[in-house]
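Lettered A, B, C and D in written order, each chain numbered from 1.
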Amino acid sequence: MALSVEKTSSGREYKVKDMSQADFGRLEIELAEVEMPGLMACRAEFGPAQPFKGAKITGSLHMTIQTAVLIETLTALGAEVRWCSCNIFSTQDHAAAAIARDSAAVFAWKGETLQEYWWCTERALDWGPGGGPDLIVDDGGDATLLIHEGVKAEEIYEKTGKLPDPASTDNAEFQIVLTIIRDGLKADPKKYHKMKERLVGVSEETTTGVKRLYQMQANGTLLFPAINVNDSVTKSKQFDNLYGCRHSLPDGLMRATDVMIAGKVAVVCGYGDVGKGCAAALKQAGARVIVTEIDPICALQALMEGLQVLTLEDVVSEADIFVTTTGNKDIIMVDHMRKMKNNAIVCNIGHFDNEIDMLGLENFPDVKRITIKPQTDRWVFPETNSGIIVLAEGRLMNLGCATGHPSFVMSCSFTNQVIAQLELWKEKASGKYEKKVYVLPKHLDEKVAALHLGKLGAKLTKLSKDQADYISVPVEGPYKPPHYRFNFWWEFVFVGELGPGTNGEL
Amino acid sequence: MALSVEKTSSGREYKVKDMSQADFGRLEIELAEVEMPGLMACRAEFGPAQPFKGAKITGSLHMTIQTAVLIETLTALGAEVRWCSCNIFSTQDHAAAAIARDSAAVFAWKGETLQEYWWCTERALDWGPGGGPDLIVDDGGDATLLIHEGVKAEEIYEKTGKLPDPASTDNAEFQIVLTIIRDGLKADPKKYHKMKERLVGVSEETTTGVKRLYQMQANGTLLFPAINVNDSVTKSKQFDNLYGCRHSLPDGLMRATDVMIAGKVAVVCGYGDVGKGCAAALKQAGARVIVTEIDPICALQALMEGLQVLTLEDVVSEADIFVTTTGNKDIIMVDHMRKMKNNAIVCNIGHFDNEIDMLGLENFPDVKRITIKPQTDRWVFPETNSGIIVLAEGRLMNLGCATGHPSFVMSCSFTNQVIAQLELWKEKASGKYEKKVYVLPKHLDEKVAALHLGKLGAKLTKLSKDQADYISVPVEGPYKPPHYRFNFWWEFVFVGELGPGTNGEL
Amino acid sequence: MALSVEKTSSGREYKVKDMSQADFGRLEIELAEVEMPGLMACRAEFGPAQPFKGAKITGSLHMTIQTAVLIETLTALGAEVRWCSCNIFSTQDHAAAAIARDSAAVFAWKGETLQEYWWCTERALDWGPGGGPDLIVDDGGDATLLIHEGVKAEEIYEKTGKLPDPASTDNAEFQIVLTIIRDGLKADPKKYHKMKERLVGVSEETTTGVKRLYQMQANGTLLFPAINVNDSVTKSKQFDNLYGCRHSLPDGLMRATDVMIAGKVAVVCGYGDVGKGCAAALKQAGARVIVTEIDPICALQALMEGLQVLTLEDVVSEADIFVTTTGNKDIIMVDHMRKMKNNAIVCNIGHFDNEIDMLGLENFPDVKRITIKPQTDRWVFPETNSGIIVLAEGRLMNLGCATGHPSFVMSCSFTNQVIAQLELWKEKASGKYEKKVYVLPKHLDEKVAALHLGKLGAKLTKLSKDQADYISVPVEGPYKPPHYRFNFWWEFVFVGELGPGTNGEL
Amino acid sequence: MALSVEKTSSGREYKVKDMSQADFGRLEIELAEVEMPGLMACRAEFGPAQPFKGAKITGSLHMTIQTAVLIETLTALGAEVRWCSCNIFSTQDHAAAAIARDSAAVFAWKGETLQEYWWCTERALDWGPGGGPDLIVDDGGDATLLIHEGVKAEEIYEKTGKLPDPASTDNAEFQIVLTIIRDGLKADPKKYHKMKERLVGVSEETTTGVKRLYQMQANGTLLFPAINVNDSVTKSKQFDNLYGCRHSLPDGLMRATDVMIAGKVAVVCGYGDVGKGCAAALKQAGARVIVTEIDPICALQALMEGLQVLTLEDVVSEADIFVTTTGNKDIIMVDHMRKMKNNAIVCNIGHFDNEIDMLGLENFPDVKRITIKPQTDRWVFPETNSGIIVLAEGRLMNLGCATGHPSFVMSCSFTNQVIAQLELWKEKASGKYEKKVYVLPKHLDEKVAALHLGKLGAKLTKLSKDQADYISVPVEGPYKPPHYRFNFWWEFVFVGELGPGTNGEL
């Protein structure tokens, strides 16, 4: 697409695939609202007070129908919003169109090039001469990264007069980032500093982004406060990863390939929360599931569910479906793919595209790529004339081939986002938050869960005062008593080799 | 039973139900050894060096076949051992007989009175004039409690000359404890002080016991170092609670009642790890499961598994099976029981017998108790002539009506115990452990898991150095990287009302 | 669409939506071939002999990718083929295009009007002046119906000179059928007689069509031999209905609505094979499933799986998803729909569109229909301003909203079809088949299953001669011994009121 | 035990293990009554009319608590009853005692020798000089066999003067049968003829017994009418086999071995109804299940549930649990057992003890048998010093190691028995039943199911007249319409090689 910003009749900027899909997007947004009780409750509770009045929020997060409901919750609370997607394949174009037409500045479409992707990110951060946004909703940390890299480059430039050099890196994507920063620097050598100054904070959605934030906190390079939304129990540990993937993995497989899952042998690489969700879905659909793991505890959990634990090498030539969920790199290499059965399906439900060796596959001599339909490619090896089916080009298959997590799951995540953004904005002047990473307290986590029970017809039991005292919690919660934290190893004074002395570093 | 200590031909003390069951016990111990690879690996690894040489260990932990394998692992490593059970119904008499005959001093039988129970506990702690044991393996904390209460009474006595007064409490069981201490005080006013002096430390098996330990740590009254074995991932969080109860709940139901679970409506009170295991087992057996919960997060988890979440009042008159798993008290009251269907089954798989209102039931006017067989009673209400079936007198039904957790699960728990005891003993003179509660480090948790994989035919994947670096963990583990702890809320700097200031108290 | 026949460059007739989708269709056909080992085995085994040489086959069966593989198996064996779909929504346009371009005369597109539907059926039967087809592959029996009604009308016309009168029926669809026949009669008063004369036989795919055939057999009006493919074990009882629907129900729900199934209350009306597949899929996805049934045996089966059995009235206002699977009519009426929750999903996976009262819904005063996307409509009731989501206009939701049963399941069904067609054609002159309904023998059923095992990596155990004798079956099968039929009630001499005398009527 | 008949104070004969267990038996019978709504409904409906007044009924059927409720239903309807067990291990001694004391003449105890077994069978048939019983309730057909063999021997004796010669057979059990008949013949050469004369008919419980009956019917040697209860849908196809075994297999495994099923590899030999129940139970308990099958249709069903299908040879040395469910012989041979892992568990849930090669095991040179407890033996091979655990001596493990099917399942079976016995007795003089095998009609099957729904809280939907007409069934059932029988292959006019002509032989 030509990279030029368009404007609505009201003058709001946007760049989307097809504005005529806005009506369709609107209808699906309305359906999603019914499935997202947490966000709708936020509108009801906070909307009248307009707490975000005056706040400029930039979001970098998959531009889907569910995100549309998040965006319109932010605007319903008074915010002004600019948005881009955080993945080149994950935008739902009708959602983007509806939001661009009705609510916020959107720069996103399904199937961006990397060049286009970063252009969109830049646009979403571009609030004009006054600096950047007040708040960022980030997913994977790319918006945060751009600002940090920008500030770093500006500092070097100020000190040394040296511009960032894209040729200094082999990483194609990072070359683009450096180019953007370099070009920005030429125009305004304080662009990212201005952004940093203005920025109240970021709330981060994913494990990946959170990992980056904690690294920056550890290095002392974090430039603004951050709230780790990922680690709310109602977000990551269970809801997004386990239940979301349990829903969206088979959805993606079926939409992309229509293959019968029952009777097939499926390999799930990694048995963390995402892997657990994927394995459960495949097993329930009638597949025989084999797990690969490095961690003996997770391996034992898989065994307790009746799953076989083997290495990829053991099963590479007999399995029908391969799913990576590790968050690590180099899991399924081209050398594995060569040995697979004809039409074996290979996909990745992890965030990054380096779990599957796409580069090795693309560069395999005389390999042939046949696109069945968008996001579904058959790669044929010359030697055997046998092919494998790769979904979503090795990227997030549930977003690339289906519609990602369903609204109800995202309602849990996004309600945490809204609460995090509210907190950052409320305390913008109080100095409460330093340049550190914070999480939401347990009682807010419980509140998010509670907002979702009514929709499912559940009735909670109430503690008596006497019972509450007996287990040492308040009647109204949080219900995991203070000592509950002791249920987890990473909190303790440790025994043995590590010793209490090294505990602090863990 | 007459409370007199007996002696084996070799002079070792014991008191068990029936020594003639020793052969049967031995055969089952040999079967269990094959199912307990972690303990057998400890014997192979540490046995030759006899690290427990000279150590006197007292255990207060269900005297079952699995515990027998633990005891003989301790003796195989050089320890001298005295043992009692930590529950009046949980002893397997053939296991007790085999150990009493072959390996250790045992004071335990199925169906002790409370009086007998505390007599046994006292015997297990009684190592003669030299004071008590060097180490304690505790389950529920009763051995630890007795020493702490004893020391407290001795201090008061020393200061004030006052003996403990059993009449000072309404609690029937605590009256017995005070009586024992009082009688001991008369004989030796420094008895418990001597024990305390000698004691190197305790390793505690359960949530309940751990809770007591942390309270004592918080109050500054903990008298010796403690290792919290309960919170090893390979013990409590998943293995004992989830997988163990998933196995032993239906086992107990079937042995006690032979009732068909399929088609029945089952209510599981509480959806923590134990409740999750129970609900899974009942659902898989074909019951329709309804959960009661106070915590909205756990409630949402139940809903995501297709379980209904209601209050006990909503379902009390239509359900067939009721299981309490809460760790709280006063869950099923006599007023609930009156409204149940004829022959509804009521049982508790939690540690204490106060989840079910047994007192209210016993005191209900004209209620009739018909013992079908040991641990299976039908209680008939006069008003309706309709009865309910109460298992194991409202106590631990899986130990009372079946044989508790299976060997494989207990092998995980008990391997943690052995490692904890080894650590305490090794560091007895180093001052490494203060009067605090410690847990085992993550890599030992992973080691315990790894010791159990081979038996199940699993093969672990090995990280390359490159991959390990990418996710920032050592190639040989522990595999959850340092930032993994950030996946949990109780570790963080908190946002919002609680604020960073109050974080320390959580 | 304008109802005019088009021609390929080679002169073959067709009418499809968009010939440019032929390449895409071809790619998906190639994928499907790998998943349809039974059909590919037929090509390998029978292709060289060209057994269908000279045979003209008309098919009336959902024009999908899987059917394309069936069609090309028929042509690979020598047949000439004309095809139409048997449902107005079930055609996959890319499949139709690929077949029309490459292999057979196709008259089918997604979203036909009833008028168009019957025009297509007529075209598929129109083999020019020489009469109709030699063989029919039928699904639901519409092609068979048209010929039977045509012959009946011609007989009346010959005797009385009376033409069929469309106004004689209220049924809109049957009016169209009568119009077609009337117009045909005017052109050629022996058209359907000629077809009947030529026709060697029909093989019927579905319960519905089979029911019609047995009724005609009972009435003595069946005009040609028929093979009931539906009742092969490898077709209907288990494979299509149970496993096919288990796959395609959630697929349809997710593609149409993206709704999270976990946590929802789903009502499955009917617990036959289709209902069992649907209920299993919903339960496994985390829904709480409630079944409605009339048959106490099926109800007891549902209970044994932990499902609640209630009436629709009991649950109409609390459930989130409703699926009809009964094969009966008037299951969900507009009066039920009015009472449902906002955005409750209502769909039918049965063959006919009269399970859901679409007529009542359409005619409800001031009801508003909002089309979210094709096959997904929200109907809003004026009184409550609350809406329900109806899928595929109350017709076959798995074909309307997704892609129907997956290839592997259809391979079982369609291999039965090929074998049935081969048998009819081989015996066309032998008089072996009378004007009756036949089924395939058990050993062919077993052969179909066996052809599908290799793909899934299964290895069968072989009977020894001694074992085979012991259970009285041949070593090479069929493996259900002669007395196995006695496992089923409908075969027996009956006891009781019905008495042996009435047995024949059952 | 000394084989002498004892008498109650009222003069009724019996021989049981321990009359002092009668009270315990009575309590469990009372519990079971609540779980057996079908039998209790029979008492309520038919009891007042005393339809069995004057009828002498002999039963040969596992003497369990559930059978006790059946027996007392027969006596409640007016019958006089004598009973023996049909398996040497299946008697529950407390049930036998309670019935012997209170209701009927019982000859049964757990752990009979074969000699004792047949003595008991003879006693149960011995109604004194007036001949045998009026009716027989048979399970496996041993009572029926004894009469048929007796009559045959008497005929030979009458014609030739030759007595049966036990030495004429190698089969140890049949030698005992011949001895009994020979001794009887000496005392009364018309003993079995008198029985045959008097006998109104038999109702048979099992597949095995039914197979024998149909063979006799086919040979023309059946001596009296028989009702095949086994093939009621509410008995065999689903309820006993599938749901009963799903309950009782894990129960037997856990009581016998306490082994953790989760994580283990389990092999189920045979995937018929029993195998399906066993595989489901093991999978749900967390085992990885591998199926062996000869029938490709059943194999495909296993694959569709995610189970691996291999041969026993493929997996014999890696599996932990082996269950035979085939109804065939020589499934697990001693040569397989030698290759198994140490402490692999081997058991048979089929009726006969020839699925597992017990003879080969017993005769294996220097094999050592260690009895852990009754019904649980460890067999150690000298070569490897490795052992396997064999349950219930290779016989019915769910009855030998646990308590068999639960009451609710047996209530379905036994209600069919009562209805069958009522029908035979009602028509004793009408000549309605010839010397053939009959089954109960479908509407009685549905009645049995309906009697069990209320207990589980189910509500049936009622057909409207219009709907009933549409699917061609009566409003009040039976609900599977006449054409439903066409859903099964063995009823049809067959296609192909077998041809219509051979259909009759199938």
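In the analysis below, a residue touches a chain if its C-beta (ideal position, glycine included) is under 8 Å from a C-beta of that chain, and two chains touch if they have at least 3 such contacts.
Not measured: the values here are computed from a predicted model.
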In terms of mean CA position, the chain most removed from chain A is D
Could you let me know which interface, A-B or A-D, is made of more C-beta pairs in contact? A-B
Chain A and chain B: spacing of chain centres that average the CA atoms, whole Å: 40
Between the Cα centroids of chain A and chain D the separation in whole angstrom comes to 58
Provide the list of chain C residues touching at least two other chains, using ranges where the numbers run on. 243, 262-263, 286, 300, 303-304, 308, 456-457
Which part of chain C faces chain B closely enough to touch in the complex? 262-263, 283, 286-289, 300, 303-308
Of all residues in chain C, those that touch chain D in their complex: 207, 210-211, 214-215, 227-228, 231-234, 236-239, 243, 292-297, 299-304, 308-312, 314, 327-330, 412, 420, 423, 432-433, 436-447, 449-450, 452-453, 456-464, 466-467, 470-471, 477, 479-480, 482-500, 505-506
Per the touch rule above, chain D residues touching chain B in the complex are 24, 27-28, 31-32, 34-35, 65, 243, 246-247, 250-251, 254-255, 257-265, 284-286, 318, 342-343, 370, 372-373, 378, 389, 402-403, 406-409, 456-457
